[in-house]
């Protein structure tokens, strides 16, 4: 098979360098071009010495590069960039995987409300697929444009999917997602609040009044449950670690749900999903057990009064971003899902 | 006024050294004796060089020391030690403040169930006061024996007290306490799970199936609410930071509660409590804002459907342990609550 | 005694907030004014919640404030600010303590070379005193303008002073200062290189080709030794911790020096210096043993061939910056050196 | 080619789990057996959940297992274990790679002095090869028993080899190795000094009076230089990070050495060494640039007076231990050095 020609727009952030780490060792990929407005001309390995001797490309100026030579283009950019370039790429038959939010919310009004931008290509948005492979694998395989899920939504949706799909949640009580993310989730932007001396040895909640992942999760909860009455309390926290995300879900089961052996249900639901690990009863997932890998692990804890607590962990930059994006690419090009994604977690 | 003669039993753990830090600069205290079975004879400052030139005592062998010369004895020991020594001290008129669990649970059966020890002085237990000053200040002032609260319970109880006291919670829905603690909460014990290389850059839940602070919180919730039907889902998490605790509380208000201006209610409830800071609406408490100090801060976030989320932060070793103990001592000896406790948080 | 009226120019950085932490509890100080160009009008405690209920001031616009009402003004600003305002303050009889570099290098040519600014008040520079109290205490007491030492120079100079003053170093071999600093030394500036995700779980040397503290150290080495031939190899490293500095000094002794009992010499040299702790032979200083305090600790290790290794630790924001500045103020106003500086280290 | 049958003795420490991470994905390896005295019967993935679904072995009891079925046995054990089992394995034709110190010091007297054990198989010791591939590659390829180098020695020796081999160092001045290690270097042992709450946000020197890597480095310095007069000042420091080692070397060049273009010399010396990266002049190596990978990077900084400073970084668990061991295995079995070792560094 000929190698897939890959372009990356915006290669200087954390999802960008993570794409490079994964794609540089992907057996079916040829890295063709990486763009950066600010760093055009700079060898990639000068910015990321971890790639010295492995990635020989320099950053290209996006203004002068023709991305239609690529088979697929990843956007590791701020919101708004992918939708401005998607029409031309789609017209040229290039597949698009956006790691930002441009193609996550099917509702363009909702998109504009949360991202303060009118959506510029609603027709493409309609055809775009929400790239959570374990839930929408068949559509992903057929898609030309993928909205790669947010990191928080991935943990909530995979943690709840077996309950949602079976209709076993009591929606009269809100679902509570108490979520915790490592600092890399905030990106590689120079900001005081994510300085080492601010974020280290510290813990805080943030975005309690409204986080952009809230509408994304809610839209998917409604879709997966077929129930518009779903309520969600979502509280993200900033944890002094680089990578890793742990979401603690508190859910009330309905009469039907409370009769099930959920441990068994979950294990069966995900038995063919290479990257989802339902841990044995009593296990305690740790973020380091997935550090650097595309695996998401979860464990279930039954509570009194028909509640269940579900703890989900992932690496926010891999399964929560760039690894998921490569997993989508694999499906879109007919490869096995785990091609190039077999790197093991780094522990300790 | 003559200085208070203070003894500390078990001075080699983190609550022990934290007591030393606070008491060494307390204007009304004379440190009389510090015991350690394992380290008798060792100068305290050899183990804790932060105290060089300030604490000149050496550790004493508990077998040879007469603690009845003290006015008050703090127990910074494992569970079971304080109750074995309390009868003799009480008989001699010495006040006792136990930082472990011996005098926290009024119900001796419950104590034995969770701590696997029969309670050896249930008569003293009956008279002991739960030393959460902001809730039981008057009883503390009169007490001879104090059960110093656990760190998690302090955050949950102070976070909910205004609602509990007014009867504004809908108890048909469980209270959810999603709690996060720095690693010092596990103590200064040589264990693999709290090694730097295990706990750093990592995040996990623990004790989901049953944590010893659960019955302590529940007993107090019932007492403060006067309602035995209270339910609690309590999930503690281990955070890669030394000190600090943040608890996220999710509560459903009842009809009465949902009519209140909670921000105002909370501010009034705690207006005379020097160490409780109700932050303005929209504020985001951080653990570092209380690092090393006895202050506990909280903020309220109203949610849809009559839910409210309350975020509470404290330093687990100060307001969650040794600082609270000193605050209790101050009340018991007629001093202002903040005597010796005015040290400011260390930020950054 | 009437309280000292204090002004702080540039209160939004780490040395600024550290000055506030120390001065807010200083028994002889009245905080009069704190300026910030960018944050004028903002309550200080909104930016630094650790000071809620303690510091009631808001930041003032430096353009509208009259600092001559103060008895002393601290400059916690970038280089160049203090020298622009010092002439007016000095003329008004106000004392000046600059925590930046404007008054550290007596040689104005050297200053311009390293800081890329011509010095604008060389007359004041001539009278300014290098505020390392343990070396220049008498001059500090008489000074009107203080150049507060850099953090690295403080560790090198106090670590070597007994050898320099006695002429016991073999200057034919360079002094090697292998220095390590916590990230707060880089200040509270939004920069990618000091983001949590960049600086955490990482270690690097920096400024090997030329760090601004090199000429400062060298000038003092020459002055203290009376020897212009001193050579210095200075390599700073960035350590993933917030506060703390550890400098490892490698020095060759001359014939005279190699005959001395250095442990004894050092202990005697610093016996009256409250903030310098010469630890016993064999001790291993840790940065956390001084975290948050103004104490600097050191230990000596004799090596073969007449070499000696000296390890020095301090909190870079206290003895290495703001604590040293307050210590200078105390001397300048006739107070005991440790007034307001008795806060104990935070361990753990 | 048939796969190499691999045994690991002592699989529960950090070098053990690191061997598992690397070997589980090694295309030419079949993991045959992993022993642990304390954990026999426990599935490996229960202890190290990062290996769930990848390593299906359980720990075996070393008393009941026959290791002669293996082609090669790695010892990831405390000192003394490998030498007790090596004779039987060697007799059976099994290759041995010891990650502890049993075969590092050719001088059995020196071994006993530092490790407090008489060496029990000095004949095998004589034939054992010091497994630093870049220096002794040909002997490694022929060896039956490898003493895998210590982590600190690897950085010092590769950092100095081009100078030592050419005789360009002025040995009248001691070589200074100011070394810094992440906490995983202390192993996965339950000890107070490496608890998170002790080692985090802290920095200290240790082993200044005598570290076991000192004689190992010195023996190799003498061998590589052919000069018994070499002196070494070696000061290790403990850094609050999990993985990573940075060694700062200060060396005086002799007349010949000072004439060289060292940058060029180093680049040529290592041009065929896949895992040694001589960075361009002015570069600043960071430990995270090699996190999780087998690459060692270095940079050179010329200093005044014919001194040169060399900064070397590696991952102490990979190039400093388990990766080096796999690299040795590759050579011993005629594979390309980088087989199974192409995993890229994890950044951020």
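Here are some notes:
Each chain gets a letter, A, B, C and D, in the order it is written, and its residues are counted from 1.
Following the convention adopted for this analysis, a residue touches a chain if its C-beta (ideal position, glycine included) is under 8 Å from a C-beta of that chain, and two chains touch if they have at least 3 such contacts.
The structure presented is a predicted model; accordingly, all values stated were derived computationally and were not measured.
For the interfaces A-B and A-C, the C-beta contact count is higher for A-B. Distance from the centre of subunit B peaks at D, each centre being the average of the chain's Cα atoms. Chain centres here are Cα averages; for subunit B and subunit C they lie 37 Å apart.
Remark: subunit A and subunit B have CA centroids separated by 39 Å (rounded to whole angstrom).
Subunit A and subunit C have centres, each the mean of its CA atoms, that are 46 Å apart. Those residues of subunit C in touch with two or more other chains are numbered 14, 182, 184, 188, 197-198, 200-201, 240-243, 285-286, 288, 291, 348. Residue ranges on subunit D touching subunit A, taken from their complex, read 14, 17, 21, 24-25, 48-54, 184, 188, 200-201, 242-243, 277, 279, 283, 285-286, 288-293, 295, 297, 317, 342-348. Against subunit D, in their complex, subunit B makes its touches with residues 14, 182-184, 186, 188-192, 194-201, 240-242.
Chain contact summary for the complex, subunit C toward subunit D: residues 173-174, 176, 178, 180, 182, 197-198, 200-206, 208-209, 231, 233, 235, 237, 239-244, 246, 248, 250, 282, 284-288, 291, 301, 303-305, 307, 309, 311, 313, 348.
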